[in-house]
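Okay, so subunit A shows up in both of these, paired with subunit B first and subunit C after.
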Partner chain A sequence: MKFKNLIGAGLICAIILIVPQFLHGYPMTVVNVALLFAITSYGISVMLGMGGQLSFAAVTFMGLGAYFVANTTTGRLGITIPTMLALVLTPIVFAGVAFLVGLVLLKLKGTYFTFATIALVQVAFTFFNNYSPLFGGPDGISGIPTLTFFDHSFRSSGSSNEWFYFISISVVLVAIVVERIRRSQLGRALASIRDNETAALTFGINTYLTKVIAFSIAGAFASFSGALWVMHGRFVGADMFNFLNAAQFIIMAMLGGVNSTVGIVIGALLVTGLPELFRAFQGYMQLFWGVAIIALMVFMPTGLAGIKDMIVEKIRKYKVCASRREGDADATDS
Partner chain B sequence: MSFTLFGTLFINGLSMGVIYAMMAMGLILLIRAVGILNFAQGELFMFGAYISAALVLDFHLPLPIMIPAAMVCFAVVGLVFMFTIYWPLRKASYAATTIIATMGAAIVLRELAVLIWGPLPRSMPPLVVDEGRPAILHLGDVPLQWQNVLIIVIGVLLMYLIYLLFEKLYVGKMMQAACQNSYAANLLGVPTILTIAATYVIVSILVSVGGYLVAPIFMVRNTLGVLQLRAFAGVVIGGFGNIKGAIIGSLIVGLIEVFSTLHFSAYRDVTVFLTLILFLLLRPQGLFGEKIKDKA
Partner chain C sequence: MQPILRLEGICKQFGGVTAAKDITFSMTPGQVHGLIGPNGAGKSTLMNIISGIYEPDWGSIYLNEQEITKIPAYTRARMGIGRTFQTPRFLQRSNIRDNLLIGTDLADQTGFLKGFFGKKGRPFDDELAELMEVAKFTFDWNDNVNSLPFGKRKLLEIVRSMLGHPKVMLVDEPAAGLNNKEIEHAMDLLNLAAQKRGIGVLLIEHSMDMIMDICSDIVVINFGQVIGMGGPKEISQNKAVIDAYLGGDDLA
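After this line comes the complex of A and B, so read on.
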């Protein structure tokens, strides 16, 4: 097991080191943004994959994180804090906010909770889009300073290698946290809620608090990703945080496999990258995209990770059959 | 607020409420029939608006021919929708799967509309025209748009007919039986596939007629689908799974929306959805819903 982990770590390091050698300019920006989105997607993985709670609120917390950074680092409200401090503060602050919101919304169950998060997205979007003092209104907020990491300012063009290193290391850290959660008491409690909430309750799990904690973790991830996004793109507008994009993030998580740590990154890369790759067919791209989602749900409801599992299973079965046949052959020989 | 203003706003709100109610009723029918929350409801609505715009603007059909032609188109859309989004997924084990599939369908319908009819919004003439402008009905001294009045009349009539079909007629009883326990219904000789197909066709027609009616007010564009969120709000406010509740909830949503534009037009979504959140917290079973029971 240790050996497998080592190989995985080596592979990830190699990918992080190799990718910038081949990607420059705009494709690099796209990859960076996709990796940012993967962090939000991990939050959805915790809520939907582990806990079985369909929440659209991820974009709203992304927006809150983004606007928090935009306000505190440009000095719009009279105070200016260093970008690094803002980046560290964001997930802490919004984990708290998400905890409070979760305390209220998770009193509801199942579909009712989903509807409440839709309502939250709509309310937040309306404020983002209209309330100028805090959110810049329809024009958004521009001129946000780029990330300064211990006296070293990241190059402002989002395509630079240092952005890629920083973001991919963040993604790896978040992925490790998610893996730990999956193996922890919290992860198992969430899984039991997903599979049968009443049974979980009778086993003495505080289902309400467990779900609120999961919601708060998802909020922290999403706000962190929003903060990175805004420093990377140096502009924030409300359009990013509407209901359609909320659905897009759910699709991102489902596409790769909502319970697969690697699948989430692949899903994020596909959802963000494919439309850019097929820019020439822009008109048809979205159409194919919708058809692909439906086809995926029909044939592979567990996402791309499900395909991998299926292939592994097939190979295993084939091997078992082969060894059995060999065994039979040996038996007849003797 | 003067009485004339109040009257105009009230009728506007009511007509928007009826539009939301049509979508909401469709949602409930689908939930009862196949247990699927349809996130493409708004897109079916939008597609209905586009189809009727095509029949009126491109084919120049007169009204008596246009109506049956539109009905046939709406029914076909409903059937195609059923056999692509519902039928292959009816045995899916993961509840989120079908929801995501309807989201995919929403994207497909939005993009199809742009591919077929172009990205520019199309303007539909209202049903009653007075010298090239939307006709105004003067009720006492309250000026009302004819289109709004017609929305209320046609919408209520259509919903009442569908309600009668489901609650009073034998066919409706069969459909309800198939919804409640499709296995037992099958044993009793109810063709489940036919009743489900019929439900999809009815829902598609109901929602698309809503799109046709609202087209002259909002223009025909592929973002019309976002109105479905208001229908969701109406469904929850009225009480989940309850047709009467969903209709009244949607009317409330329409009225709240229109009256809040009077004071803070940019924030009308906030009033609608804060009301929804308040309802969810204080009375999650909705106005007419039964107390939610946990499934053991």
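After this line comes the complex of A and C, so read on.
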């Protein structure tokens, strides 16, 4: 197990070092954006994958994180704080906000909760799009400073290597947190809520509070990813945080495998990258995602990671059968 | 001896159906109490009321003489009311290790934060080995829980509940769907729970052999009402009980 972890760590380091050698310019920007979306997607993995709670609210918290950074680093509201401080503060502040929102929304259960999160997305979008003092209205907020990391300003072009290193290390850190949650008491509590909420109560699990905590973690991830996104792109507009994009994040998480730590990153890369490859069909993208989500639900509810597991299982079974047949052959020989 | 669990005048109605009517009895630690009655008599409802899934319309529940009627189900579980279900309920997509850890999490109560930063609960290998010795089967930690046959899963659910160190254990039809060997192992487990651990066990079961064999005390209910109480001998001669089971014609 230890050895396997070491190989995994080595592989991740190698990928992080090698990718910038081959990718430059616009493709690099797309990869950077995909990776920071993966952080939001990890929040969905905690809520939906572990806890079985479908929430569309991820984009809203991304938006809150993005506007928070946009306001505090440009001095629009009269105060200016360093970009690094804003980046660290965002997940802390919005974990708290998500906790409070979660306390209210999670009074509802199952589908009712999901609908409430859709309503939240719509309400928040309306505010983002119309309330100029805080959100810049339809024009959005531009001229956001790029990240300054201990006296070193990141190059403002989003395709730079330093952005790639910083974002991918953030993704790895978030992935480690998610893996830890999965293996700790919180992960087990969430799994028992997903599988049977009544039984979870008899295991001594405060199902309501546990779900609120998961919602708060997802909110922290999403707002952090929103903060990175806005420093990376240096502009924030409301369009990013509408319902269509909310659905796209769900697809992102489900395509790779909502319970697979590696799958989340692959899903984010595919969902962000494919529209760039098929620019000519951009008008049909919503149709494609609609069909994709139905197909995902029906044919691979566990995503690409599920298909991998299925193949591994098939190979294992094949090996068992093969060894048994060989065993029989040996027996007849002797 | 002071009762570990005491019910006083429990009533519960679902619409026009009375599932429990003035049910009063108490359980002593270290004994297996049987709860029997025809199908639909209100046995499982009563179990749900004790574990806190349903709220009674009337009446009080005491654990160690402390009233717990208004306390939520998860707190009751932490206070020591463990239970199993008619059809075992596990983490469907998790391996056996995680499913047993759900039990030890309950006993340890380390909290999410300490758990996240790597605090492990107490080691439970020895305890598990002791229980599996009685349950008489082995498994691979990393297998999915559904790879176990139904009977083994039911035994494992009793084991999981015991890993939570309950004071009272509610066991709902452990013998249903088990073969004779497995029923014996289930009885051994329950005896171990009661005699060695001093747990008060409340056992719902249709297998009369099992009830008569391990229960020191039996409560019989029908239509939500207690119709008989006492040791196995008395119960098997109680007229009301015989009528209820065999379909007597003059049951008032």
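Observations on the model:
Here, the second predicted complex is superposed on the first by the 317 of 334 C-alpha atoms of A that agree within 3 Å, B and C clash if a C-alpha of one lies under 4 Å from a C-alpha of the other, contacts with A are read in each partner's own complex, and residues count from 1 in each chain.
The rule is simple: contacts are C-beta pairs under 8 Å (C-beta built on N, C-alpha and C of every residue); 3 or more make two chains touch, one makes a residue touch a chain.
Just so we're clear, the structure is a prediction, and the values are computed from it rather than from any experiment.
When the two structures are aligned on the shared chain, A:318 is found in touch with neither subunit B nor subunit C.
In the superposed model, A:281 lies in contact with neither subunit B nor subunit C.
Of the two partner chains placed around the shared chain by superposition, subunit C is the only one that A:188 touches, whereas subunit B remains out of contact. When the two complexes are overlaid on their common chain A, residue A:198 makes contact with subunit B and with subunit C alike. When both complexes are overlaid on chain A, the residue A:250 reaches subunit B alone and has no touch with subunit C. Of the two partners subunit B and subunit C, more residues of subunit A are touched by B.
In the superposition on chain A, A:122 contacts subunit B only, with no contact to subunit C. Put simply, subunit A uses residues 198 to touch subunit B in one complex and subunit C in the other.
Taken together, the subunit C residues at the contact with subunit A in this complex read 51-53, 72-75, 77-78, 81-83, 85, 89-94, 98, 101-103, 105-106, 109-112, 115-116, 164. By the touch criterion given at the top, residues 180-181, 184-186, 188-189, 191-192, 195-196, 198-207, 210, 213, 259 of subunit A touch subunit C in their complex.
Those residues of subunit B lying in contact with subunit A across their complex are 37, 39, 84-85, 88-89, 92-94, 96-101, 103-112, 114-115, 226, 229, 232-233, 236, 240, 266-267, 269-270, 272-274, 276-277, 280-281, 284, 292, 294-296. Put simply, subunit A touches subunit B in their complex at residues 48, 54, 104-105, 107-109, 111-112, 115-116, 118-120, 122-123, 125-127, 129-130, 197-198, 243, 247, 250-251, 254, 258, 283-284, 286-287, 289-294, 297-298, 301-302.
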